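Which chain is which? They are A, B, C and D, in the order written, and residues in each are numbered from 1.
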């Protein structure tokens, strides 16, 4: 990647706390990821790296191409290497518990995100998945006065997806005016494009206005594909409500007449930052709560400005975005300053 | 003396550590047929590959019409008017393309119109085939469906569509029937009359003597002597080829013929083979002769379980044998030395040891694990028994000469001690010296009480080795002749279709009389 | 003479069965396609419409381009597994040229194509000069290029005015003219469909009606014979891999223009699909070998099936079964016929 | 005589260079491995430790099993692209037997293996009876099995007491004994490492030191000659594909036991990796052909490289470049040597 058109002061974060010699400086942090896909992951990694650097440490990324066995091996490798702290992104408890226990035995603190790990002493971060699903579905119902025919794009097999599904089912049974017309979805290596093709076929199947009121996408990669398909078909009557949001998605939402009306998400960069903060709390010998729910933010197309903004500027328009203070303690803040 | 059309002087060529040619010479006049003779590996093919631009000489000069030329590629050679009909037809045929496309193959690589018209191609191809009197070949079919002889015709036609100065024929008659060979001789005569210089390579001395004007003999990569055909005699030429007089007299036969070993009744395969019956006794060599395409190979394979039968009964040593697969045949005590040894008989990338032990691996692997020492011992044994020339038992067979490979293909069956051996054209492409070794081996087998079936289209050789001869024609056994009755004339008569065509075959037979090789 | 007569006799006897097989071989694939279309049409009104068909064509345009490249390499008896990665590389490069460097359109189109040429050249270097078998050489390149394209973007996908890792935002956007390539319409058909049709036609003419095509098939059919006929097999193989690289790059550009951003790893899942399309194409009109029209047809069959099945609401996870089933059926027809043909000589 | 003398002369002259190539060919791969290990050891203390090495071995155990299967099919001159899908199928089947049906351990182990046998049988049916080329047949099967295993689970991964689509939760859990296979230790080594080592050794002995192995290699070398030497090529190919299916199933079981749940699509990404391991293995000890020790070695090289590079903090997106580079290097040595050898006859 090239150097951007950056004003000088922004790059100053480059001159980081290398020279500092506070007790928590120079820590090596391993980030073990199950899958590294798309802008969401890239932003998440950058959040982790940024926060670790601020604390004067160094982050190493282990990705596993979606392969849990490889993820478990990567966890082992990190432990062998004697890193100072471990961050886990996704995965399952069955695959990782053993390694996590080994890490704790070796005195390496662990913070996990969306991994469902239930080992004592591990801090687990979770997005408010049910809450996000509720937020978007409620908005959907509100926009359509409680009467809507919707298409669900969702896939099984991932813990967060399944949590979202629970909220979805509950919502449907509570709101009999909302009907599911059809549902599809597959997490492929090319999710957005495959979703687009399938959505096109669905649109063909329901060509008349009113047959589909809205699309509810349980993942932003799904939403992207659906949005493109709807745009290409020139359908202005169908709206999209999604969950998760990366910088790229934001651009899509901001486009004029974008069908994508709302999304609920936690800023991926923030997730990374917060996760690191909890790790440093552990490193600092503190005992934070073991289950942390990340507060989702609801982003509506209406509230976005005319000109394009990126997620790092989004906080100016959307409350609670990118400015999460979760996980900070006074001590940590002090550390950052050094 | 008039300017020679072509002079190759002091040609040298090595492949890695092997010297294929050394100070080789070859001269060709306009309008002559010039034969090249030599044992396997003498360098004939290498020489003509240099001439046709496939290889480049390491040293020496080539002059065409007195001008020095350098033949960097087959294309360059063709631009000079030098065309070649290669020994191994399949290397030069593209099976997936049509006959017409194959005939005009050379034109595609050249310059000229980018777009190709199918009609034009077909027309030109038809013309060329007509000239060869082979217009029965449909030019629009895929070349994959042609017989070997037809493929050879396509290659010859390929040379004819261009105005060639020199056409090289590398063993062109090997796959052709007598009738087809005759046609080829006529074409060569015509080319000769047009002033084309023809190079003709063959292991069949009689035909060489019949059609060539001059004969060049090569040995160990260099020229031995060039004869005017009218002044040469066969024995002299053979001596020049071998570097010594040929001692190919087989001892008179002395062994006993025993009980029937193989009895076959009414065998058919639904395709080529029809209603064949034959017997082979212990200690007997039975020759199965027929022209090319008579179905000998099919019969050998069918007996060995390689192709399914539609009817027929086989008995081995008096017991009915159900042979559905070569494995059954081997169990029943048979061994087949197939015609195409590289394709069917051997694992050429593997060592002699590996090849030799393969048919009888059980013997070399007690309790499953392979016994490498026993394998080596056995390999050494057959090297000694068959006088195989090789530097070690671990050399991959690709490095061995054709004759020696053939010996391995035979030797690998020895460990099984089979009762019945089927030899399919064991002397094909093998030079005279090695041939004699192979004949001796077959004799030895017979003397030790084995039965042998010897399939061959070399009638003279078959007469020499067999106790009894079965003549095949069109998938049937049309005649059985005892050793005493068998003469070339009679065999040829039956082999080419029986009595009713007596007049014509007689004529053919006479011409063929001396055109049977040594 | 007798031999010839016998042969003909044999032919007549078995002709009915043979003809059936021959017919199946020649028109089976097309009959299947018609049947599928017919079936879906009776089930859903939405299926047999102009709009749906142009959509299907558009949805297969990218994979068809990729498959055409694979076709060329298969024609010369090679195999290009690296097309997917090459497409990914071209996707991110074309996007980055606009987004990061604000380059003019002609450069944005030209540079990825040059990269395609380069990949083809490296592939053929490994194959022709070093002597690594095609499958293995292009497998290695598949990994290398996949790594390169991720390294180039540092794992990010590329989109308008994206924030850069070094801070700040990227200066450029995908231009309207560029997006038109992937999303525009022309004379009643989407632009990608035009591009695909032109490329299929061009490939067909080149492969079937020019000297070059003959040379390519000849090289694939029997490299030795081709050499003896004055063909430089190395150059021909080189050309085929370069063509393959170019097609992969075109597919990448089209992908970027279609989705409006430079997604990483875009090509990886399409590679196997392209290969499948080519193989289904073997069975079209009795070709029995890689051919441009067949490839298009193969892509179309798969595309139509997926479209129809989606309309049918078949669960996505069953799609692969159908895809594999079609592939097996097409291959079985081709090779059963090939066996018959072979055993008849 | 003259020829022979020349030969020897020639040999002596070029012997130094030849020997160097021969040496590189024979020991190059091993030298490379030693160098890599040495290099990483100097850079990181954590690298050259018992714990790290057993972890590396455990991390390659699954891919090695898969690769052993591929090795068997390559030995008979086939190619099994369906191993990845077969592994996925075995993964979800073994998990579902416990979670959905609460089956006893022996059934949980046996049934997936039977499925592997079945897949191998279908593969070889397509190849041997129908006559579809190996690559194409197994490619189709790859799709079909991938679709089947997703259809079986309806796209869900399978985990302890998962909720069922029909309502309620699944009755079973992965048993401790089962998990021990993937996560346990025995005599100082992880159980998967034991399994892998035993299988590598068994494959090595079978392929290199028994009659069966010889028959497999010869069938691959020249099927026609093997037939005429009394080998039933069909049965041999059948056996090779069945072995491949069994190894893939074992890999799937191991995967389930290792991660404690039945992930869908677990095998897909491992297929290419297994193939790469086998090909790197060609160059080990100058084999120049598929071989069990080489395959193990190939998997180890890739595993060690990835481990070392991760420790080095090389960006993850560059890994594929390294993997591809190692593959190219190994292949180049093998084939440059093969060319030399060939041009020497």
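Simple rule for what comes next: a residue touches a chain if its C-beta (ideal position, glycine included) is under 8 Å from a C-beta of that chain, and two chains touch if they have at least 3 such contacts.
In this text, all values refer to a predicted model and were calculated from it rather than measured experimentally.
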{"item": "Other chains in touch with both subunit C and subunit D", "value": "A, B"}
{"item": "Rounded Å distance, subunit A centre to subunit B centre (Cα mean)", "value": "74"}
{"item": "For subunit A paired with subunit D, centre-to-centre distance based on mean C-alpha positions, whole Å", "value": "35"}
{"item": "Centroid spacing, where centroids are CA-atom means, of subunit B and subunit D in whole angstrom", "value": "44"}
{"item": "Junction residues of subunit C, two or more chains touched", "value": "154-155, 315-317"}
{"item": "For subunit B, residues that touch 2 or more chains besides their own", "value": "none"}
{"item": "Residues of subunit A engaged with two or more neighbouring chains", "value": "36, 186"}
{"item": "Chains touching one another, given as label pairs in label order", "value": "A-C, A-D, B-C, B-D, C-D"}
{"item": "Subunit A residues within the subunit C interface of the complex", "value": "1-7, 10-11, 13, 36-39, 41-42, 45-46, 182, 184-186, 188-190, 192-193, 196-198, 200-202, 204-207, 228, 232, 247-248, 251, 308, 310-312"}
{"item": "Contact set on subunit B toward subunit D in their complex", "value": "14-19, 22, 220-221, 304, 306, 325-327, 329-331, 336, 338, 343-350, 354, 358-359, 361-362, 364-365, 368-370, 398-399, 412"}
{"item": "Subunit D to subunit B touching residues, read off their complex", "value": "2-3, 6-11, 14, 205, 209-212, 214-215, 218, 221-222, 224-232, 343-345"}
{"item": "Touching residues on subunit A, where the partner in the complex is subunit D", "value": "36, 58, 60-63, 65-70, 72-74, 76-77, 80-82, 92-95, 97-98, 155-157, 162, 186"}
{"item": "Contact footprint of subunit A on subunit C as seen in their complex", "value": "44, 46-47, 49, 51-52, 55, 59, 100-101, 153-157, 159-171, 183, 255, 258-261, 263-266, 268-270, 306-307, 310-311, 313, 315-317"}
